[in-house]
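For clarity, chains are labelled A, B, C, D and E in written order, and residue numbers in each chain start from 1.
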Amino acid sequence: MASPLVSIENVDMRYGGPDGTLAVSGLNLKIQRGEFVAVVGPSGCGKSTLMKLTTGLHIPQSGSVVVANSQVTKPVSIVGMAFQNPTMLPWRTTLENILLPLEIVERHRHRLRAHKAEYVAKAEKLLETVGLKGFGEKFPWQLSGGMQQRANLCRALIHEPELLMLDEPFGALDAFTREELWCVIRDLHATQDVTIALVTHDLRESVFLADKVVVMSARPGRIISEHVVPFARPRQLELLYEPAFNEMVQKLHGEIATARAAA
Amino acid sequence: AQTDIKLTLDWRFEGPAAGFLLAQDNGYFADEGLNVTIDVGNGSVEAIPRVATGAYQLGFGDINSLIKFLDEDPSQPVKAVMMVYDKPVFSVVGRRSLGITEDPKSLEGKKLGAPPPDGAFAQWPAFKEVAGIDDSAITLESIGFPVREPMLASGDVDGVFGFAFSVILNLKANGVPEDDIVPLLFADHGLNLYGNAIMVNEAFAEENPEAVKGFLRALAKGFADAVADPGAGAAAVLARNEILDINTETERLEMANEMNIKTPYVVENGFGGIDEARLAASIETLKISMGLQGNVTAADIFDAQFLPPAEERMLP
Amino acid sequence: MSSTETRTPVAAAPKPALKINWVRLSPVLYTIGLFVIWELGARISGLPHTILPTPTRVFEAIFQYWSPIWKNSVQTLYTTVLGFLIAIVAGLGIGLFIGWSKTIYAGLYPIMVGFNAIPKVALVPILVIWFGIGTVPAVLTAFLISFFPIVVNVATGLATIEPETEDVLRALGAKKLDIMLKVGIPRSMPYFFGSLKVAITLAFVGSVVSETVASNSGLGQMMASAQSNFNVPLVFAGLLMLAVEGIAMYALMAWIEKRMTGWAHRSTMSN
Amino acid sequence: MSSTETRTPVAAAPKPALKINWVRLSPVLYTIGLFVIWELGARISGLPHTILPTPTRVFEAIFQYWSPIWKNSVQTLYTTVLGFLIAIVAGLGIGLFIGWSKTIYAGLYPIMVGFNAIPKVALVPILVIWFGIGTVPAVLTAFLISFFPIVVNVATGLATIEPETEDVLRALGAKKLDIMLKVGIPRSMPYFFGSLKVAITLAFVGSVVSETVASNSGLGQMMASAQSNFNVPLVFAGLLMLAVEGIAMYALMAWIEKRMTGWAHRSTMSN
Amino acid sequence: MASPLVSIENVDMRYGGPDGTLAVSGLNLKIQRGEFVAVVGPSGCGKSTLMKLTTGLHIPQSGSVVVANSQVTKPVSIVGMAFQNPTMLPWRTTLENILLPLEIVERHRHRLRAHKAEYVAKAEKLLETVGLKGFGEKFPWQLSGGMQQRANLCRALIHEPELLMLDEPFGALDAFTREELWCVIRDLHATQDVTIALVTHDLRESVFLADKVVVMSARPGRIISEHVVPFARPRQLELLYEPAFNEMVQKLHGEIATARAAA
C-alpha cells in the first residue's frame, strides 16, 4: 500500500471566477487507506471546501487531487459524505432519504429491488443506532435539528463506502448523544476497512477518534500542522478523562490559538 | 358640424367593398357632412349585432341573417335601409372532374364541405327543397374556411358551400383549372333571396334621418363609381390592404358587380331598392331554411324611406 | 419597546365558534356569485341575448339541447384528455431534455417560444390535410397548444435546483439522469402541477378551436353552428360545458397534486 | 469496491481544446436546422403551397410584402405588449390574492380554470360591441389569455414557501402582506419568469386572434386577409414575424430574468 | 417587576394533529425581565419547540404562554430570534438579510428609508463584531456554515429586540470564534436591557453566559431542573479555567446523564 488513498497536492481553490473568494491555497494532504484523519480549523477556513475537493464536487483551479490512484475530475463514487447542513430531500421520508445512496451506487442499485426488505432492515438498524428508532416514516422536516443531523449521518453510512467524509456530523448534538455516536464511528472504523475524514470543531472529538489531527490555517486555508494521536486503539470513553488526553487537547488548543493570532 | 358615423363592413377590405371606399375617397361622404369611419367585419352575420347594439351606426350584412335575428328578438333596433346585393351568390361550387354538373341533382350521393357559419350553407335546407334534391345520400363535412378550398382542390370533398366569387377565385389560387369549376348558384335554381344590405341602428336613424339619407346618397354614388371603373375601385381597396393583388381584386369586384349588384332588376329600378313581394317571399323561404317563427314581416325588415330618388340610384 | 407597553390583562384562550367550513363552501359561493353578477350584468347592460344571454337562458338552452350537448361534450373531453396526456409526456420529456444541457436550452427554447407565439388555429389546416377532419387534428391541436407550459415549468424546476441538493447525489457519483429523476422531477412537481392547470385549459381551447375549423362533432363544431344560427344561448351553453369540464379536470388534478406534493405545501400562510 | 479496482495511472489534467461557444451558437444552428427540415419536409410531403409553403417562398413573401408586414407587426407588437403588461400586473395581483387565503384559493381557482378553458375568441365579439374593433379588443384579449399562467405560478410559489423561511418573518411580527412581499414574491420569481415565457406567447396569440376577428390592422388581420385570398406564403410570413417578435420578447425577458434571479440559477447540472 | 417577561405554564405541544409527535408536555418556565436563561437537554427533546412557543410561532394545544403580559396567540413582535438552521433568504446578500428585521419591525421600518446609511453602518459594525467584515456583499450561499450562523446571529441582534431567543447559535463554530462571540453576547446583555434565552449543547457555554440553566428531559420535553449560576458578573474568559466553574459544569453533566438514563 505505497500510495495513499487520498493525495491532495498544492491545491488552490477559488470560488466564483478569478475575482472570487480564495478558499484554500497551497493545500497539501495525504490520507492513507484505512486511516482516520480529523480536520480542525477556524470557521470559514476551507474545511468544507477540502471535503468537497476530495470527493470531486469541486475541481480545483490548480494543483492535483488524486483519490484511489486517479485524478479527480468529477465526483468519485467510492465516498459516503455527510454534509455540514443536513440536505435531506423534503419529498422523501427519513427512511427513503437514507435509502437514497442505494438507489444510486452501482453496487447496490441493481440489488435494491430484489433485496428491498433486507436494505430497509439495515436502514432501520442504523436509525436505531443513532437513536432515531421509529422516526423512519417521518419526513425530514418533522425532525429536530439534531435528529436531522443524525439521519444525515445514516445516509452517509448506509452504502458502506470505502471513504467516509464527515463534515461536522455532531455539531447539533448534546454531549451524550455525541459520545454515543463517537463510539459508533469508532467501532465502524475498527471493524470495517474504511478510511475516514472528519471535520470537527470539538478538539476532544478529534483526538478521541482520529489517528491524525490536521490543523488548518484561517482562510485561505492550508495545513499548518499534523499531529499523530498516540493513544492505542480500541479507545474507551474513559480516555476522555485521562490527563494525557487532555494534555493533547490543550496542546492543540494552544497551537490553534497561536495560528489564529498569526493569521 | 359633421356627423360621425361608424360603419362596419361584412368582411375585409376586398374588391366588393370598393363602393364604400370610393364613396369615401371621392369625398361623397364629406359632401354630405358625414365623417365616416369604415371598419372591417368578420362575416356578414356578425355585423348585425354590432349595429343592433349601437356600437356601429351603420353596417353591411346579410339580410337573411337580419331576418333571422329580428325573428329571434323583434325588439332589436336594427333595420335594413338599402339593398346592395340584389342577388346573393349563395352557391355550391363543385368540380366537374368529381362528377358535379350544372344540374343540382348531380349533388346527390356526393360529399360536400360546409363551414357552419357560412351563409350559403345556411340556405341549404331551403335550396334542397326548391331544387328537389334528395339529400339522403349526401354527406356533409363540417369544415372551416381555411380548409374549404384546399379540401376541394385535393378532392377530399366533391363540392363546397360558399359565395361563388370567393370560392372560384380561391380554387384558382389552389391550382384548379377554371373549366373544372362548376358554380351552382342557388338563385339560378329557384331560391329567390336577397343578399347583403345596408343596415342602420334605428335609434341613430331617428335622431339623424338626414345623415342616413346623405349616407345612402353618397353610397349610391360610390357604388356607381365602382361599377363604372372597377380598376379604380380595386385601387381604393389596395390603398387600405396592401397585400392584395390588383388583378384579383379587380376581377373579384367585376364578378360582384356582374353577379350581385348590377342585376336586371337594378338596371331597371335603380340600385338599393327592393321589391316588397320578393322580400316577403324570401321570408317564407327562410321559414324552411332557418326555422323562422314568423315574428317579422317585410316591413319590419326593410325601411325604404331613407333612399334617395330612383334616378339618383341608377348604375352606369 | 412598542407592543409591550400595552399591558393588557392576560386574555383567555379564544373559544372556537361554531365553524362553517368556508374553504369547502367557497367554490360554490363564488360560482353562485358569478352567475348572479352575470345575470345582473346582462340585464343592466341591455345587451341583446344574441350577444350576451343571461344565465337563465343559457340553462334553458342546456336543458333543451341536452342530448347534443352531452354527446359533443364527451367528444371534446375525449380529444382534450388525449391531447393533454400526450402533452404531459412530451412536456416532461422536452423539459428534461432542455434541463439537460445549456446548448439544448439555448437552442430549443427560443424556437419553442417562437412556435408558441403562433396561433395554433393557423396550423389546423395542415393537420386536416394530413389527417382528415375529426378527432386526430383536435387531439394534435390540444397537444401542440398545451405542452409548452409544462416544458417551461419542468425546465425551470430543473434549472433552479439548489446545488446543495444536487451535491447530495453528485457525491454518490450519480449520473445526470439520476439527478434529474431523483431530484429534478420531484422537486419541480409542485410547479409541474401548476403548469398542468394551465395546460389543461389550453388543451380545451386547442381541441375546440380545431373542432371549429374541421370536425363533424365536438363542442367547437356545435358552437360554431349554433353561432351561425344566432342560437347564442346554445353557444354559451357550450362555453359553460367547457368550463365545467375544465373544472372537473382541475379537480382531478388538484386531487392528484394533493397526494403527491403535500411535502411542498406546508406553508402556514394561506389560511 | 468497484471503481477503485481499476488502478489507472494518474491522468493528466485535460487540456482545454480550441473552444467554440456552442451555447451562443446553438440558437442559430437550431433555427437553421429547423428551416432546413421545413424546406425538405415541405418538398417531400408534396403538400400544396396553399397549405404548407416552403421557407424559400415564405421569405420571398416577406421580401415582397415587407411594408405591410412591418406596419402590421408593429401594431401587433404594440397591442401584445400592452396586454402583456396588464397581464403581469393583474397576474401578480390575483396570484397574491389567491395565495392570501385558502377560501379565496378554493373559490377563485376553479372559476379561473373554467374561464380559461373557454376559447377567448368567443369573447371577442362582446369586446367589439363594447369597445369597437381595433386596438382595445386586441389588448384585452391578449390580457385575458395571458394572465392565467402568471397567476398559477405566483400562487404556486406562495403556496410552496417553506414554513422555515416564513418563520423568519413571522417571528418578527410581520404582517401577511410583508411575508408576501419579502418572501413570497422574490421566492417565486424564477417561476414568475417561467410563466412570463408562457404568457408572452399567449399574449401574441390573443392579440392575433382578436385582430383576425376585429381589426383594420395588425398581423392577425393581415394573415386573415391573406388566408382568404389563399396567399398562404404571406400567412406564413406573418406567422414567422410573430415567432420573431415572440423570440425578441423572450430574449428581453431572459435578460431581465438573468439579472433578477441569478441566485436561483446556481445549479451546476445543465452544462 | 412582579410578573415575569415570559411565563409558560403547563404547556403541551403536539405536532401534526392528534396523532402527531408530542414534543413537549407539562412544560413550565418563567423568564424574568433582564434574565439570561440557558436551556440544555438531549437532542430532539423540544428545545427548539420551546423557543417557537415563546415567540408565538407555534400555539400550544393546551396550557398558556404569556409574554409581556399578554397571552400569545400569534407571533409576538418584541423578539429577535436566531433559528437553529440559518434560514437566510438566498436572493438577498448577507447585508440585506441582516437588514431584513428593520424592514419589518414597526419601530424601524418607517425610519429605514431616511436613515439607510446609519442602519447599514450598524449592520456592518455587527458583521465586523462576528468576524465577517467585508462579507456583507456576498450572498449567504457563498458563506461557509459557520459564517452563515454568525450572519444569522447578526440578524437576530440588529433591531435590538427586547427578548432575544438564540437556538444553538454557536453550534458550527470553532472554539475560539465561539469564545469571542460569548463575550459579544455577554457584553450585549450587560449593556442593554435585554432578556435572553439560549439553547445550547455546550454546558460550559451555558454556565459562562447564563443566570439560570434549565435542564430539559428527553421527549416529550419538560423542565426537570433549574440551576442558578452563582458566578458574579462581569465574567471573564478566565472563569472557564476556574475549578468552581468546572465543578458546576460537571455537576450539570452528571445530572443530565442521570435524567437521560431515567427517561
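Following the convention adopted for this analysis, a contact is a pair of C-beta atoms (placed from the backbone, for glycine too) under 8 Å apart; a residue touches a chain by one contact, two chains touch by 3 or more.
This one's a predicted model, so the numbers in the text were calculated from it and none came from an experiment.
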Looking at CA centres, what chain is most distant from subunit A?
B
More Cb-Cb contact pairs, comparing D-E against B-D, go to B-D
Can you work out the whole-Å distance between the CA centroids of subunit A and subunit D?
46
Gap in Å, rounded to a whole number, between the CA centres of subunit B and subunit A:
85
Euclidean distance of C-alpha centroids - subunit A vs subunit E, Å
28
Using mean C-alpha positions as chain centres, tell me how far subunit B is from subunit D in Å, no decimals.
40
Note the residues in subunit C that touch 2 or more other chains, in rising order.
3, 47, 51, 125, 129, 162, 164, 173, 212, 261, 264, 266
Which residues belonging to subunit B are in contact with no fewer than two other chains?
49, 53, 145-146, 150, 154
Indicate the residues of subunit E shared as contacts by at least two other chains.
76-78, 85, 90, 106, 141
The subunit E residues in contact with subunit D across the complex are 52, 55, 57, 75-79, 81, 83, 85, 87, 89-92, 100-101, 103-106, 139, 141, 159
Per the contact definition, I'd like the list of subunit D residues that touch subunit B in the complex.
48, 50-51, 65, 67-68, 125, 128-130, 132-134, 212-216, 221-222, 224-231, 234
Of subunit E, residues touching subunit A in the complex:
15-16, 21, 40-44, 46-48, 84-85, 131, 138, 142-147, 150, 168, 171-178, 201, 203, 253, 256-257, 260
Quick one: which bits of subunit B touch subunit C in the complex? Just the residue numbers, please.
45, 49, 52-53, 65, 68-69, 72-73, 76, 116-118, 121-122, 140-147, 150-151, 154, 156, 290
Subunit D residues touching subunit C - in the complex, by the definition given at the top:
3, 22-24, 26-27, 29-31, 34, 47, 51-52, 99-111, 113-122, 125-126, 129, 148-149, 152-153, 155-156, 158-163, 166, 173, 176, 179-180, 184, 190-191, 193-195, 197-198, 200-202, 204-205, 208-209, 212, 220, 223, 235, 239, 242-247, 250-251, 261, 264-271
